[in-house]
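Two complexes, one shared chain (subunit A), two partners (subunit B, subunit C).
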Partner chain A sequence: MTDSALLLLQAAADSTHAYGEFPVIGARAFVWITAEVHLMFAAFVLGVPMFAVVTEAIGIFGGDERYDRLSKEFTRLLLVAYSATAIWGAMLVFGLSTLYPRFWAYLTTIFAPSMWLYAALFFIESFTLYLYYYGWDRWKKGRAKLGHWTLGILLNVWGTIVMFIANAWLTYMMSPPRDITPTTDPTTIKLWHAIANATWMPINVHRVIANVVFGGAIVGAYASYRFLAARTDEERAHYDWMGYVGNFIAMSALIVLPFAGYWLGREIYQYDQSMGITMMGGFMSWLWVIQAFLIAVLFLTGNYYLWIGMGRIPGAERFRPYTKYLLIVLVLGAIVWGTPHTMIADSKELAAMGGSHHPFLGALGVMSAKNTAVNLMILTTFLSFLLYRRANTRPVVPWARTGTIIQGAMFAVAAGVVLFYGIRGYFVEAIVRIGFSVYQVLAVLSCIVFVTLIDILMTRGAQSLGAIRWGKMPPRSQYALFILAVTFTWLMGLMGFARSGIRQYWHVWQVMQDTSKYAATPALGYASKMISLCVLIFLSLVAFVFWLGGLAEKSTFVAGEGEQGARHVGH
Partner chain B sequence: MSPRLPPAIRRYAEHPFWQAVGIVLIAYIVVVWVVPILPGSAIVPKSVVLQYMVTVLVGVLIYVSDNEERWRRFKEPIQAVLIEPRLKAVRAAALAGLTALVGLAAYGQVKTTVAAPPNLRSIHPAPPAEITFRGKTIALTGLENPLRQHPDSLSSYLAEGKRVYYQNCLPCHGDHLDGQGHFGPGFNPLPANFQDNGTIAQLTESFVFWRVAKGGPGLPREGTPWNSAMPVWEDFLTEREIWSVILFLYEQTGWKPRTWETEAGKGETGKGKGDD
Partner chain C sequence: MWATNAKIVGIVLGTLALYTLIANKIPQVQSEVPQALTLGANVTPEQLVAAGQKVYTGIGGCTTCHGLGERAPNLLTDEKGQGPIGARCGKREPGKTCKQYLYESLDNPTAFVVSGYQPIMPVMTKQLSPAQVWSVIAFLESQGGAVDVSASDIPASSPTSTTSPGGGGGGGTAFAGGSTDPKVIIQAAGCLACHKLEGQGQVIAPDLTHVGSRRDAESIRKKILDPASSVTKGYEKLAGIMPKSFGTMMNAAQLEALAQYLAAHK
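Then we have the complex of A and B:
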């Protein structure tokens, strides 16, 4: 394509009526806020049904009614959240169609049929939710209950398809198929060709997992709010247990999320090298330093919650002395994970360092160190959970000692593999080093799978050292759950900005240029403020939803049926 | 704690509050004074000190509060200082000290200084897919150093690269290729240190070609402010001279250039995750 043709196209795109203006905050800020808050609500209403349906299944097949009540309580939160999702979605669509009409017309030309399907599915999804919630007490027994559970599954199916459709639009903006150029007539682009673009499936997978994490964190925050507001011990016990379940699900899904993220990052690189470098090594690389810090907060807070929780488990005192060593690994991991390769330094410091890479600490800023740190942090978190799970049991199988030794050896081998490839990575060229991360991840995942299997077999019929004293948690443990929810939400806004921002001044990467006055990629300070604002709006609305949840009807908790007998999710 | 410690010291060493104070102090000493004196090390920038200390502080707070007994004991001295009449002098000193500390921090933030403020500069901006070199279009994606296709002539290319380096690059990038040339200290940002594992070791040769050919003025707008003094070398050197000097840089430092993924249909990978 010649420069003159590009200029002509640009002039056409720049003509009047391509952009509208929104008072005070401007068009971009309006679309930014509506898109982000809509997405946060959407993640919530997709994530919560996933484990509402799982907890309902545990209730049905495990015969434990507490899980059924928990599931219903999750679902009640969804009703209001659904309306909020739809309202923010409508605001986003109105914003796009009035403020970015030319771009919106381009997208609708390609994606119109998928947009009709989207609306229809959203409608069906909403009514499935109404049936699911309002039919809860009517279809409570036998086959009717199974039918009810099927409704829950359908709710997830519709929700997931809706998300996949929306993902197609935004991933097309990032990675349109290479045969599409600025001169391609959008009416000639085949719908499936546009949908099945390079980053569509990685984003789908990443978002499904992230929604589970997010839903778990928000439910944890809800439980902590109800815990702190509880008036009776029974109520506290119930919400303590609910918070634990939410946190368990969030942390479990979090462990696999980085792998999905890695796949997405790799696909972005393979689609367009310069986009990948902008994201990881260029302008956006600073976001990863912030992200590293937030992930460290998640790991530390998640473990902290487990360690405090050990205070309410008889028998946990056996393991208490070891938590400080786990903490040391986590803090050192957080330090390495957050060490920037290119450091912020003044001219004096730069001169002393001989550049913006520290001659000694710079070694911690590269991929080998980061991968090693995060894999060891994942292993440590898993060990924390294992100790927590083991706390009030004593295995009685004859091979218990051998089993524990094998588990210990598995941890040692996994940590050894991670360290070996981490150190070896400094001595090989980049292309080989990238491959090492696969071995590290495999070592950690194998350890998690096999140690869990051994643990499940080993704790069969184990002697109990006493029931968990649900509700006997200090308030600060509940603030930890709040921190987790806020951090997850902020991370989502941050990574959303990174994903969207790497398009820079393109509506559709190298196909349709943004010629509005907001085309410049915002500075990090401005972006941080916008992300914080979105998080604040979302959490304020969620707080309102929580309050409504308590106002609309009494909690599903039934006094006198406390959670004293409830066990860990992992049992 | 070691049983050999005198009882008075042991009382402090085993108390969570003093343990916390001790850990924070030791961490500060290690980061600010010990790390810089390690062989080949340098001072740790204030931004990184702050980051490390916040992480350590969070770790310490987790340690003292993750069990009830330890948390209660940790709070004891703080509560005592706040309410006990016999500690009135300590209370007054603590309040005065805290106020002075906040005042000093505020003063440190607002006082005028002649040093340029630190800026968030991305060292490895995203390269374009292709560049125009003296009117000729060169596709950077997937491009290898063309001189490597003539292994028999490598030694002469290397000699040429060495000559080009010493005639043009030496004043800034230095005799040791470490960015410590005579003119080096006069620049901000400092000239690149090729010995560092974070510069050419992380890059493909086509990236280095782009940076040499286009210099500071050719940097993309994504990472402004750009104030690199690197000249636009395409105005002074031929394409072959630039490739030769790139050969020389890798040969002399011992680094291997980043290579492109060759797996069929996989495209390419320019730079690994988390490198920056």
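Then we have the complex of A and C:
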């Protein structure tokens, strides 16, 4: 008898102990909550250092100390968040090892060495963070400052490697290499073979970008809270500016995120077409309608925040009449993007609809229309940013008028390319149509890059129409930042459900079946309640972290360094 | 500040409630674990139809192509003015009843390819058990027609079928009668429904006449066990169509015999 057969017999013999149970909420809900909240904190502690190090660099090389203070304030939020990440991670591991022992034993058999490395790197990462934060004021000048900045870079390097390792485990569950079957002895699986599976790198890239978006949104929410609680104009101005930076980073990274998502989706299809179909056209098809709604909220709220922000910029009145047209494009785009197409429906529903697609709206539900809509929404959002950026400046270079005309032409060409391929997509085969999305994306990205370059050159030495009146924002703009943070977090939970749910009743896709009583993948209604609960837990804890951050700041202030503390709070 | 805090909490809770409400208002579809299908001697048409619907929307994977209006004909809704499948199946082939037509379509899908579509459907009788196949037929008949499938249609050897993946069909009998004759295996597996070999079969999938010149036995064995492991150039569009169950249907000797036989076709 082979070792594999022996292992199988052993597994069968152990099947009665394959699963544990958790009181009241059940094993699946416990693991769901711990995994999701751990992931949210992990995204926060990975995303925030990314732009902490970028803002510190801007402070160093641009000579603007505001950025350095901003960077330090971001980093202070990380200290408690790291502990929370570790606590929820430990709860997840305890949950998996006691509630899903057979599955956990399988994973550890394959990935044990990477788990040791993970723990070691987390340890190193934590100490790098402590050095980075507590050494801030000590290594403030000259070479020491550059060394300090290097610590920030290292912090990101360790964090990214830690995430890549964890991603290997979860992507192995989704897309184990095809030569691994239910009878493969896990002790014979090479570690790197399991790590370098089909969806590992796409998930890595997608998560790196998503973490930046998420970190930006949470920092934006923090700033908005501090803005609303501010007692002085200086403080309000500082947190208004901080909220703007957080929102800017979140929205900028959000624009790139769909492209990473496309790559991940394509890899899933290539790995297993049935998995891809389950995701896009199977029982999860409605999930994409909800996703479209959430993205629409993000685009509308992000733009709304910018438009309100233009109220505090002298000279922005010139552009205000255009916002209604931008709003129309965004709303129409959101409606098209949210139009359902191929849905799982029973025979009665199909008969009532007159076919598998709606006779009229079905035409708007296809990818040609959706890709066109989302690309136009991205262009519109970019235009909002551009107007915001140009609001209080009047270019003085002699070619300013020509430059503006070229910029306008670039927008028109990009929109034209997007529309052309969107319409042409209705008249070609699916395989050709898929390729069109690449041209649409390239047109939009090219427009963003070249228009930005022209704008930077054109606004050099531009005449100022007045300084931005930071802090002069109505409270509703800050509530918009809260909506953005809640929506980003909820969206993260939703897409986590999509990624995990497409495995359906498999712990490891087509290798290890889930035979527990929770094996069925729940409908979106149940999932949404779980997601909302996780978001609520996370945001409550984050609020606690923010409050702690405020306490630490006050104690420094009271310690007698009055001048130092005052500068630390405001700017 | 309390008023501001209350507003923030209200906005957070309100946003969460809105998203949760919307997600609960849409049709709720849960992905069930495939259950064992038990059809006794007294099974009623209604039970067959219900079981068939589960197979159709679940393990059968029929909705992957049918109902999209692009890859395969609509079955549950009207197809070019002829009504749903139950209403048109009896008129498709002269001399064949609806039941006969549907069974043959599942057993030999290339026999009746509807005009305008490509012959990409796999042999479903090799992927599903007889009980599953007949329950699907009953379900399809119920779409605009009368159900005349009964327990007597289902072979006695397969009163029970589990739908666990990799379980294959076969109703418990040895695949190809346990024969290690490659030609018998090829016939039983229905390879020629898609592949061409020695002048016979279809050319939907790669021609196997000279398969040994581009793949060795190891590669062929791997391809049978895991069809997605590699895709022949020019056939990328058909990736995922070849059933994954052949490896579990055959025993090791059959698989080896088939791999060696095909590898010899230089």
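The definition used in the following text is that the second predicted complex is superposed on the first by the 526 of 571 C-alpha atoms of A that agree within 3 Å, B and C clash if a C-alpha of one lies under 4 Å from a C-alpha of the other, contacts with A are read in each partner's own complex, and residues count from 1 in each chain.
Just so it is clear, contacts are C-beta pairs under 8 Å (C-beta built on N, C-alpha and C of every residue); 3 or more make two chains touch, one makes a residue touch a chain.
Being a predicted model, the structure only gives us computed values, none of them experimental.
**Student:** Overlaying the two complexes on subunit A, which is it for subunit B and subunit C: clash or fit?
**Tutor:** With subunit A aligned, subunit B runs into subunit C, so clash.
**Student:** Looking at A:F283, would you say it contacts subunit B, subunit C, both, or neither? Reply first, second, both or neither.
**Tutor:** Touch partners of A:F283: subunit B and subunit C.
**Student:** Touch test for A:E65: subunit B only (first), subunit C only (second), both, or neither?
**Tutor:** neither
**Student:** After superposition on the shared chain, which partner residues are touched by A:K370: those of subunit B (first), subunit C (second), both, or neither?
**Tutor:** A:K370: touches subunit B, not subunit C.
**Student:** In the superposed arrangement, which partner chain does A:Q504 touch: subunit B (first), subunit C (second), both, or neither?
**Tutor:** both
**Student:** Which holds for A:F360: it touches subunit B only (first), subunit C only (second), both, or neither?
**Tutor:** First partner only, subunit B.
**Student:** Applying the touch criterion given at the start, work out whether A:F293 contacts subunit B, subunit C, both or neither, answering first, second, both or neither.
**Tutor:** A:F293: touches subunit B and subunit C.
**Student:** After superposition on the shared chain, which partner residues are touched by A:S528: those of subunit B (first), subunit C (second), both, or neither?
**Tutor:** A:S528 contacts subunit C only, not subunit B.
**Student:** So in the superposed three-chain picture, is A:Y262 touching just subunit B, just subunit C, both, or none of them (first/second/both/neither)?
**Tutor:** After superposing on A, A:Y262 lies in contact with subunit B but is clear of subunit C.
**Student:** With the two structures fitted on A, what stretch of subunit C runs into subunit B, 92-100, 146-154 or 254-262?
**Tutor:** Given the superposition on chain A, subunit C and subunit B clash at 92-100.
**Student:** Where on subunit A do the contacts with subunit B and the contacts with subunit C coincide?
**Tutor:** Residues common to the subunit A contacts of subunit C and of subunit B are 270-274, 277-278, 281-283, 286, 293, 342-347, 349-351, 354-357, 430-431, 504, 521, 524, listed in rising order.
**Student:** Can you check the complex and tell me which residues of subunit C touch subunit A?
**Tutor:** That would be residues 1, 4, 7-8, 11-13, 15-17, 19-20, 22-24, 26-34, 53, 57, 61, 63-64, 67-70, 74, 76-78, 84, 143, 164-166, 222, 225-226, 228-229, 237, 239-240 of subunit C.
**Student:** For subunit A, which residues are in contact with subunit C within the complex?
**Tutor:** Touch residues, subunit A against subunit C: 178-179, 181-182, 225, 228-229, 270-274, 277-278, 281-283, 286, 289-290, 293-294, 342-347, 349-351, 354-357, 430-431, 475, 479, 482-483, 486-487, 490, 501, 504-505, 510, 513-514, 519-525, 527-529, 531-532, 535-536, 539.
**Student:** For subunit B, which residues are in contact with subunit A within the complex?
**Tutor:** Of all residues in subunit B, those touching subunit A are 35, 38, 40-48, 51-52, 55-56, 58-59, 62-63, 65-68, 71, 115-129, 141, 178-180, 185, 188-190, 192-193, 196-199, 201-202, 222-223, 256, 258-259, 261, 266-276.
**Student:** Contact residues on subunit A for subunit B in the complex?
**Tutor:** 262, 265-266, 269-278, 280-283, 285-286, 288, 293, 296-297, 300, 303-304, 307-308, 310-311, 320, 323-324, 327-328, 330-331, 334-335, 338-363, 365-367, 370-371, 426, 429-431, 433-434, 474, 476, 504, 521, 524
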